[in-house]
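Below: a set of structures, written as structure tokens.
Here come two complexes built around chain A, the first alongside chain B, the second alongside chain C.
Entry: the complex of A and B
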């Protein structure tokens, strides 16, 4: 499962939902894999405001991945001028491309996946298994 | 006419096969009234909407929405996610979406971004307030009782792939709706005020026996003044519409 997905998930128990500790879930014994996918700069720009940045920072730290910047990157940090020879073009759009920051975020959110492991609720401690990239949020009947 | 995503890889012994209800959802989502509504509600350059399909089954609906985001939302920068109680359906959904997105890329069209399909009960795994568009083709057939949910350990084990009893139960879960065919749908409706975002909207399929008019009236009485309308219907049988799609949205 992609790291982006974890931004939208919490513990499935009703009693945990209202407590801040149920989000984000904490990875445990996570086996990561990289699944290449094409980058979409517009998607990246417009998904950023949907991220709980603190949660994503916590997640990358817990997974031992490179630290994210302290604040959500601004849209202008995602692009960089690609043509140094400004006389070469007469249109403005073609002079920019994704920045290193954008590439790193794409790799982190869209390409880095948990192949197997567990996601643990910070409130009740329940462990949700991830197997073959699919997380299982079904609760044992005594916990529903 | 947009192509229906291929589900030729799906094993229909344990996963619901796309049928009239699935196709009614597809047809409704591309009606000009719905695309206009969604484009107006999620204008370009606003944060990417998150689309959740509950009970994806084969994944045909979620794949269609992901691949045709540009047509439906007027923007391809949407995120999609699915849930199903059936772990095999989750596997199938990921593949159906992958194939549909690849097909779009072949003809040079951009698709939305699929996150994952997680095994879970309705929307219980989703963070409150995170879902912008929720789509649900429920188990709507009135039955005496609801089938048992897959057990926790059953969902974990892909080891025993051949298990006739389990497979029949998984299939029954995809259509059997209990009293009035509404037991599961009522639980989902109860989750909407929590899981939907401030700009949230839900599309829920109902059949005649679910008494759609009563459901509409109940929703309109929710706290905060929710809207609900019938926005799509299947062909008439014996003078009445057999299936319909409800659009439910916050004011």
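Entry: the complex of A and C
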């Protein structure tokens, strides 16, 4: 399960959802893997402003991953103008491509995944298992 | 005895969840063509829209639009494993009545052929409420359920028929397995899934009871559908 997804998950218990402590869920004993996916710069640009950035930062810190910038990166930080060899003389000498920051964010949000481990609710402490990259939110019957 | 009394979670476990878990792979191989109204709903969303596919099955609707972000969920972990092959989308295992998502956060939700598997009227309303609660202001949910009125289908049900039914799923035994002498491999196996077949107007009523507002509704190929929003409390 890619890290992006965790920004849209809470505890499944109704009593927890209304408490701020149920979001974000906290990783425990997480085995990480890189799942290579094609980069879609437009997708990244659209999704970033929708993320709870503080929660995203908390997650990467808890996983021991490199720190994210303090604020959500602005759209212009995601692209760089690439200057092609002017001598090639093929007209268009400027194009834009994804910046290093965009590439790093793609790797971190879209490719870095929890292969196995647990996601823990900060309110009730319930642990949801992640197996083969899929988190299981079914509650035992005494908890529903 | 109230017929509903005997039903509920345990009943669904036996007559819905266990069945899908067993037929997952065969079921998935027969579910690949998206229905037009659902496909259009997903394609018309603005790029970067974020939403849910509640009861995503094998994830066939996760393949429609790669410029939006969908978190699919299914009660069957076997189906969820099949559904996870659709980047950039994600899949989790979850129960429709206990969705692991923040409230009022999503631009859209779809739930296709799911709500009719809940076995009491109250649980169906609760399921719809659970979906609607995830929507942010202006967010829309597209919900499909099987119709009672399907005279032209091979099942031929009409409005006079019983609404709570068991529908068979026949898994053909493979000849190869029979040849190899695998136990049970060569025989056809029939599974029965519980369905509540919706009457005309019933889905709209359930949406109202769930605190929703119907924006659009219709009938397509043996199914009733609605597009609904969460009613804003003034």
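Simple rule for what comes next: the second predicted complex is superposed on the first by the 133 of 144 C-alpha atoms of A that agree within 3 Å, B and C clash if a C-alpha of one lies under 4 Å from a C-alpha of the other, contacts with A are read in each partner's own complex, and residues count from 1 in each chain.
The definition used in the following text is that a residue touches a chain if its C-beta (ideal position, glycine included) is under 8 Å from a C-beta of that chain, and two chains touch if they have at least 3 such contacts.
Model, not experiment: these values are computed from the prediction.
Clashing of chain B with chain C is the outcome of superposition onto chain A.
When the shared chain is aligned, chain B and chain C each come close enough to touch A:4.
After overlaying the two complexes on the shared chain, residue contacts for A:102 are found with neither chain B nor chain C. Applying the stated contact rule after C-alpha superposition, one finds that A:12 touches each of chain B and chain C.
After overlaying the two complexes on the shared chain, residue contacts for A:42 are found with chain B and with chain C alike.
By the document's definition of touching, neither partner reaches A:56: not chain B, not chain C. With both structures placed on the common chain, the touch criterion links A:23 to chain B and to chain C.
Of the two partner chains placed by superposition, chain B and chain C are both touched by A:134.
According to the touch criterion, the shared surface of chain A, contacted by chain B in one complex and chain C in the other, consists of residues 1-2, 4-5, 8-10, 12, 14, 17, 23, 38, 40, 42-43, 45-47, 50, 110, 132-139, 141, 144. Interface residues of chain C, counted against chain A in their complex, comprise 9, 47-48, 50, 66-67, 69, 71, 73, 75, 77, 80-81, 84, 87-88, 90-95, 97-103, 105-106. In the complex of the two chains, the chain A residues touching chain C come out as 1-2, 4-5, 8-14, 17-18, 23, 37-38, 40, 42-43, 45-47, 50, 110, 128, 132-139, 141, 144.
The part of chain A that touches chain B in the complex is made up of residues 1-2, 4-5, 7-10, 12, 14, 17, 23, 38, 40, 42-43, 45-47, 49-50, 110, 129, 131-141, 144. By the touch criterion given at the top, residues 45-48, 50, 76-77, 79, 81, 83, 85, 87, 90-91, 94, 105, 110, 113, 115-121, 124-128, 130-131, 149-152, 155-156, 158, 194 of chain B touch chain A in their complex.
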